[in-house]
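There are structures below to look over.
Consider the two complexes below, in which chain A is the common component and chain B and chain C are the respective partners.
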Partner chain A sequence: MASAEATAEPQGGKRSREDQAAGRGGAWFPRWYWPTFTLPGTLWLVLLFILPFYTVLSVAFGTVEPLFRTPLPVYQPWYWSFGTFDTTLEKFYVSPAIYQEPLIRTFAYVFAASAICLVVGYAVAYYTARYAGKFRVPILLMLVAPFFISYLMRIYAWQSLLQPGGYVDDIWGIFAEPVNWLSGKPVTVILGLVYGYIPFMILPLYGSLDRIEQSMLEAGRDLGASPFHTFRRVTLPLSKPAILAGLVIVSLPMFGDYYTNDLLGSQNTSMLGNLINLAVFQPGQGQEAGSLTIVLMLIVVIPMGYYLRETRRAAERA
Partner chain B sequence: MAGRHPMENRWSRRQFIGRAAGGAIAVPSLAAILAACAKPGTTESGGGSAAAVGLARPDNPVELPLNGDPIAASTPIEEGATLQVYNWDAYMYKKVLKAFEEEYGVTIEWTTFNNMEEGIQKLVSGQIQPDVFFPTTDYIARLVESDLIQPLNLELVPNLASNVWQSFSDPGPFYDLGARYTVPYTIYTTGVAYRRDRVDDADASAQGYDLLWNPDYTGEIAYYDSYRDAIGMALVRNGVMDPNTGDPASITAAKDSILEIINDLDGQLRINGTFAKLPEGEFTVSQSWSGDIVGAKWYLPKGTGEDVLGYWYPEGEPGLIGNDTIVIPTTAQSPRLAHEFLNFFLDEQWGYTNFADWNGYQPPFTTIDPDSLIADGVVAPQLNKAVVTEEMFTTGLVQSQLAPEVDQLWLDAWSEIQAGG
Partner chain C sequence: MSDVALDPVVGSTPRRPRLFRNPWRKPWGLLLVTLGYLLWSLIPVVIAVVFSFNAGRSRSTWQGFSLRWWTGEPFDALFTDPSLRAAMFQTFRLSIITVLIAVPLGTAFAIGIDRWHGRPARGANFMMLLSFVVPEMILGVSLFLMFTQLIDNLIPLGTTSQILGLATFQMSYSVVIVRARMLSIGPEYEEAALDLGARPGQSLRRVLLPLLSPAILASVAVVFADSVDNFVIVRYLSGTADSEPLSVKIYSAARSSPTPAVNAAATVMLVATITVVLVGYLLYRRFSKGQEPADVGGFAQV
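For the complex of A and B:
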C-alpha cells in the first residue's frame, strides 16, 4: 500500500482499506485489541517454556556451589562458561565416548518403536474408520481407556507379567527357552515404548482417515485402479499429514523418555533420557544434566523442523 | 553413605511414582535468582570442607568447630508447637511419632526427601526449614561449615549417654567427636543376601562377595543402584580395603567389575532387589544392607518360610558398615522440642519399637542384645550376621566424605556404568 494513501486515511474513524481487504468488519477496535488475544498464549509460552529453558541454559553454562556441589545457575550470559558443555559433547565422540552408545540406542529404539507404532496404528485406525461400523465408538473408547490408569501403573503391570515366573514367561516357555525379559533386552524396551505411545499415533490417523471422502475412493476405483493402487495413490497421500503428525507426536516424547527404560530395561538399554535423569540426581552433575538436555533438544528440533516444513508445503499446495 | 539410602527400599510403588513424576531440577527461588545477580562464585565462602577440618575418617576423627552455643538446658519446651521433621520416606514408625505427639501435646509435620542430594538441596536453598533432619555422615562436616546445623545440648539428650553405645558419645563418632552436632539413628552393615533354598550356607560362606559374580546365578543377580555403595563393595571385593579410595586404577577396576555383572551376568541395578525381589524369588543373590534383609520377611509370598532368606557378611576380615544420624538445623523453630525428639528416639523402648515393628534398621542401643533379637523373632536365626555389634565398628570399613576431585572420579565411573559401558 502506498504510504501517502495510508497516511491520508485517518487512523480509526472508518474501517481502513486494510481491514476491508482482510474481511474484518463491524465495530472499530483500538490497535492493541486484537494482539491482546495472543496474551494467554504468549504468557504460557514465556512462563512455561522460555523461562524454564533459560534456566536450563543457566544451569548448563553455570557453576556448582563448592561445598555441596549443587548446581548454581548463572543467569547473566556474560558470565557463562562452556567448559562442561564441551566435555559433555566430547563424551559423544572422543574416546572412550561413553555416551555414544546411548545416543545410537536412543535413535534406534525411537526409530523402531515409531515404525511399529505407524504400521500397527495405521491398521487399527484404518479398520476403525472404514469397517468398524457400530463398533467405532467402543473401539475408540477402548483406545482411550488405558489413559484412565497412570502410565507408570501400567508399566508396573508389565513388570509383573514379564518377570521370571510371570505369565509371559509361562507362555513363552511352552515354545522356547525362558528369557529374562527385564534384564536389559532392547526388544522389551522398544515394545514398552510402542505400548506407551501408540494411542497418540492412532487418534490423529483415525481423524484423518475418517475424513477421507468415500467418493474419492470410488473415483479411484472407477478410473480403473486396483484396491491396492487406490490405497497407495489416494488414501495414503491424503493421510500423509496425519502420518507425519503422528510420528512427531510419538517420537518427540520417546526421545526424552527414561521411565520406560528405568522400569523395563537395564543399563544395557540406557537412553539419553536416562543419562539426564541420572545426572540430575548426582552431586556436581547439574551442569552435565543441563548440557545433555540441550543436546537432546537439538536432536528433536530436526524432526520437528521437517514436520513444520512439510505441513507448510501441504498448506501451500492446498 | 551418599547417593541412595538404605531406607529408600521402603518405597511403596506409589511413592516411587511420586518421585518419578516429580524428578525435575528444582526451579530456583526468586531469592536465588536475585543472589545470582552478583558475579557467580564470588559470594561463596567455600573451597571444600577439607580445608577447614580435614576429611573425617575412622583413623582421622574430627572435632567440628562450634557455630555459637547450644541452647540453654533451661529453655522451656515450646508448647503446642509444630515440629517439622524432614526425613527419608517411611523411615520412622507412625505409631512412635503419634506417641511423641501425645506425650508433648504437639503436632509433627512430616516432610520427606527421596535421596540425600534432594534433602541437602532443599535445606541449603531454605525451601524447607525443619526442626529435625536426618543426614548421612559424609555430609555432617559440610553442614557445619555452611552453618546449617546447630550444636546440641547433650544435657537435654540424656539417653545418648545412658542408652547408646558409648563410642557414640565418648569419644564420639569419627565424623563428630564429642557428639557436638549429631546423635546416631540406625546402624547397618553391607553384605550379600542369598536364597537359602538355592545356595547353601557353607557354599555361600565359601564364595563371599563372589556370590554376586557367580555365572551360575546369571540373570538372578541384583546390585544396589547407588554409586557409593555399588562401587564401594566392588572395591572391597577386588581387595581394595578402602571404600573411599581416590586411586583411579582401583576405581576403574571396580567399574569394570560392576559392568561384568550387568553385561556378562545379566544382573540388575535395583534399589529394591534385596527387600522385595529376593523374597519374591526374582533374584538368587543381591547386594544387601543388613536392615534390608531383616525387613525382607514382610515381602515373602504366602507359603514361603522366612528360612529361605540368608545373609553373608565377612568374618575375620573387615566389612562395610555405616550409620545414620539425626541433627537439628540452625533454622529450627522449636529447638528445645527437637532435643526432646532426639531423646525420644534414643529411648530404650520407643527406639526399639521403631526398629522391631517397622524399620528393620537397628539402633545402636546398649540394651539390645543380639541373642534376644533372635529369640524375640525380630531377626530370623539364620540371619544372625545381619545383627550389628559395637565391635564391628572398630574394624569396619566406613564410607565417608570424598574430596570433590575424588568424588568426580567416582561419578565419572558411575556415569559410564549407567551408560551401559
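For the complex of A and C:
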C-alpha cells in the first residue's frame, strides 16, 4: 500500500520528506501523538457539521405531523420515505410550478453575476498585478478591505443610495427618467450580487496573474505574437485554474443568497435562497426548508467537488 | 529597462505593424476599469458612514452634521437604544468567544493533520475542507434544524447555539491559515530540537508554537472580523430578539424604516473589524520579520 503510493507520486521531494519525518518521528512520538491533536476539531465537526446534515436528511425524508405540519424527523435511514420530499420537488416542475421561476432566476442571476465578476475582476486583477507599480500596496489594501466590511453593511449602503430620491436617482435624473431601482429589478439584484462577491474573484485572480513571469510574456512577444495573442495563448491558459476557482468561490454563496434580494429586490426577483429562508421561519414549513436545502446541496455539490479536488491537487503539487 | 532592449526587435517585424504600435503604452482602459471598480466598491460604504452623522432622519438626503444618531436621541440613537446597545454587546461577546474556541481547535487540528498521514487523516481533512467551502446558508439551515429538531431543545436557540455554529464555520479559516504556515516551515526545526534532546512537549512549546505565532495571530484577526460580520448563521440561531447581534439588526432595520442609527451600528462593526485586522497585521509583520510576507496571499487563498 505504502509503496504503491510512493510509486504513484515519484516526483516527491515532499513525499520523501514526509516519509523521513514519519519514519524518524516514530522514534520520538508515539503513534497516537499527532492524531490526538486533530481529535477535538474532528469531534467538533462530526457533532456540529455532519450531524446537522444528517438532521436535514432526516427531516426532509421524514414525515410531518398532519395537523400543524410540524416535521417529524425519522433518524433511521431504513425508515426514510420520500413522499413529502417528492411533493416539494414537484413544485419545481409540475404545474403550477411555483418554485420553477425562482429556480430559473437563481441560475440566470448567478450566471450573469459570475460572468460580470469575471470580466471586471480579471481587468482589475490584471492591472494590479501588471501595471500598478508603486500603487500596488494601496490598491491591494483597497481590494482586501471589502472582506472586512460586513456584507450587510455594503448592501445596506447600496439600498440607501438606490432609494427614490437617493444619490443614484439624482445622477440618473440628469440623463433619463427616474427609475425605482428597488422595485424588483433584476439589474439591481444582479449588480448587488456582483458587488457583494466580486472581491472573492479578484484576489485569486490577482494571486495567479502575479505569479506569471514577465519573461513568459516577453518570450511570447519576441516570438512574434501580438499582445492579444500573447494574452490568449500565454496569460489566459496560465490563469485558467484561478478563473475556475474564482467562478466557484463567487457562485457557491450566490446560490444560497437571500439577503441581497431582501434588501435590493422584491418578490419578483426572489431566488432559491429566498424560498429556503421563508420556509425556515414559517410554522409548518420545517420540512419544506429541509427539502429545499437538499435541492441547494445538489446544485452546489458539483462546483464544490471540483474546488476540493483542485485544492488537493494544488497541495500535492506544492 | 527591458523596453530599450526589446523595442528594436519588435519594431523589425513589419508584417503586422498595427498590432505592434508601442506595446508598452499605458493601459488606459484597464486603469479606468480598476479606478472605477475601486470607487464603486468603497464609496457607498464611505457614504453610509458619513450618513451616520446626518442631522435628519433620512439615510439618503444630507441635512447637516450631528451626533444625534450616536448619542443625541434619547431612545433611538446607537448608544441610547437599549436593543441596539444589547446587540453591540452580543456582537462582541459572540466574536470573542468564537475566537477563543475556533482558533485553538483549528490550530491543533492544523498541526496534527500536517504530521499525521493515513486514511483517517485524509477523511478528517476532507471534512474540514468541506466545512470550509460549504455555503453558509446550508450550514445555517442545517444547524437551525438540528437545534430545533434533534434532541429536542437540549441546547435552545440563542447565544450558546450561535457560538457553537460560528465556531464550526470559523474553525476551518484558522486551519487553512495555520496549515499554510506549517507547510512553509516544514519539520526541520522541530527535528533539530528533538535531536538536541527536547521532549515532544518542549519542541511543541518552544519551537513550533513560536514559529506558528504569526499564523495564529492572523487567524485570530480573521476569525474575529468574520464573526463580527457574520449574519446567516447567527440569524438562524438567534432565537429571540435579545440575542440578535448588530448584523441581524441591520438586516431587520433595512427591511423596515431605518434611521441613521443603523448606519452608526454598521460603522461600529466596520471600525471594530478594520481595527482588529490592522492591529493583527502590524503585529504579524513584527512577528514574521525577515520571513515571507504571506498575509495578502493568505487572504487570496480564502
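Here is the rule we go by: the second predicted complex is superposed on the first by the 244 of 318 C-alpha atoms of A that agree within 3 Å, B and C clash if a C-alpha of one lies under 4 Å from a C-alpha of the other, contacts with A are read in each partner's own complex, and residues count from 1 in each chain.
Note that a residue touches a chain if its C-beta (ideal position, glycine included) is under 8 Å from a C-beta of that chain, and two chains touch if they have at least 3 such contacts.
Owing to the predicted nature of the structure, the values given are computational and were not obtained by experimental measurement.
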Which of chain B and chain C A:Glu65 touches, first, second, both or neither: first
Touched partner set for A:Leu193, first chain B, second chain C, both or neither: neither
Contacts of A:Pro52 with chain B and chain C, given as first, second, both or neither: both
Which superposed partner A:Thr269 touches (first chain B, second chain C, both, neither): first
First (chain B), second (chain C), both or neither touched by A:Phe148: second
Touched partner set for A:Leu118, first chain B, second chain C, both or neither: neither
First, second, both or neither for A:Leu278, with chain B first and chain C second: first
Partner chain(s) touched by A:Gly286 [first = chain B, second = chain C, both, neither]: both
Comparing the two partners chain B and chain C, which touches a greater set of residues in chain A: C
Touched partner set for A:Val295, first chain B, second chain C, both or neither: neither
Those residues of chain A which chain B touches in one complex and chain C touches in the other: 52, 55-56, 58-59, 71, 73, 75, 150, 152-153, 156, 163, 165, 259, 262, 280, 286, 289-290
In the complex with chain A, residue positions of chain B that touch it: 2-3, 13, 16-17, 20-21, 23-25, 27-28, 32-33, 36-37, 39-41, 44, 46-49, 115, 117-118, 120-121, 124, 139, 142, 145-146, 219-220, 227, 262-263, 266-269, 281-282, 404, 407-408, 411, 414-421
In the complex with chain C, residue positions of chain A that touch it: 17-18, 21-22, 24-25, 28-29, 33-42, 44-46, 48-53, 55-56, 58-59, 71, 73, 75, 120, 123-124, 126-128, 130-131, 139-140, 142-161, 163, 165-167, 195, 198-199, 203-204, 206-207, 214, 218, 221-222, 224, 226-228, 252-253, 255-259, 262-263, 273, 276, 280, 286, 289-290, 293, 296-297, 300, 304, 307-308, 311, 318
Residues of chain C that touch chain A when the two form their complex: 2, 6, 9-10, 13, 16, 19-20, 23, 26-27, 29-31, 33-34, 37-38, 40-42, 44-45, 47-48, 51, 59-61, 105-106, 108-109, 111-113, 115-117, 120-121, 124, 126-131, 133-139, 141-146, 148-150, 164-165, 167-168, 171, 175, 183, 186-187, 191, 194, 200, 225, 228-229, 231-232, 236, 247, 250-251, 254-255, 258, 262-263, 266, 269-270, 273-274, 277, 296-297, 299-302
Interfacial residue positions of chain A with respect to chain B in the complex: 52, 55-56, 58-59, 62-63, 65-76, 79, 96, 98-99, 101-102, 105, 150, 152-153, 156, 163-165, 180, 182-184, 259, 262, 266-270, 274-275, 277-286, 289-290
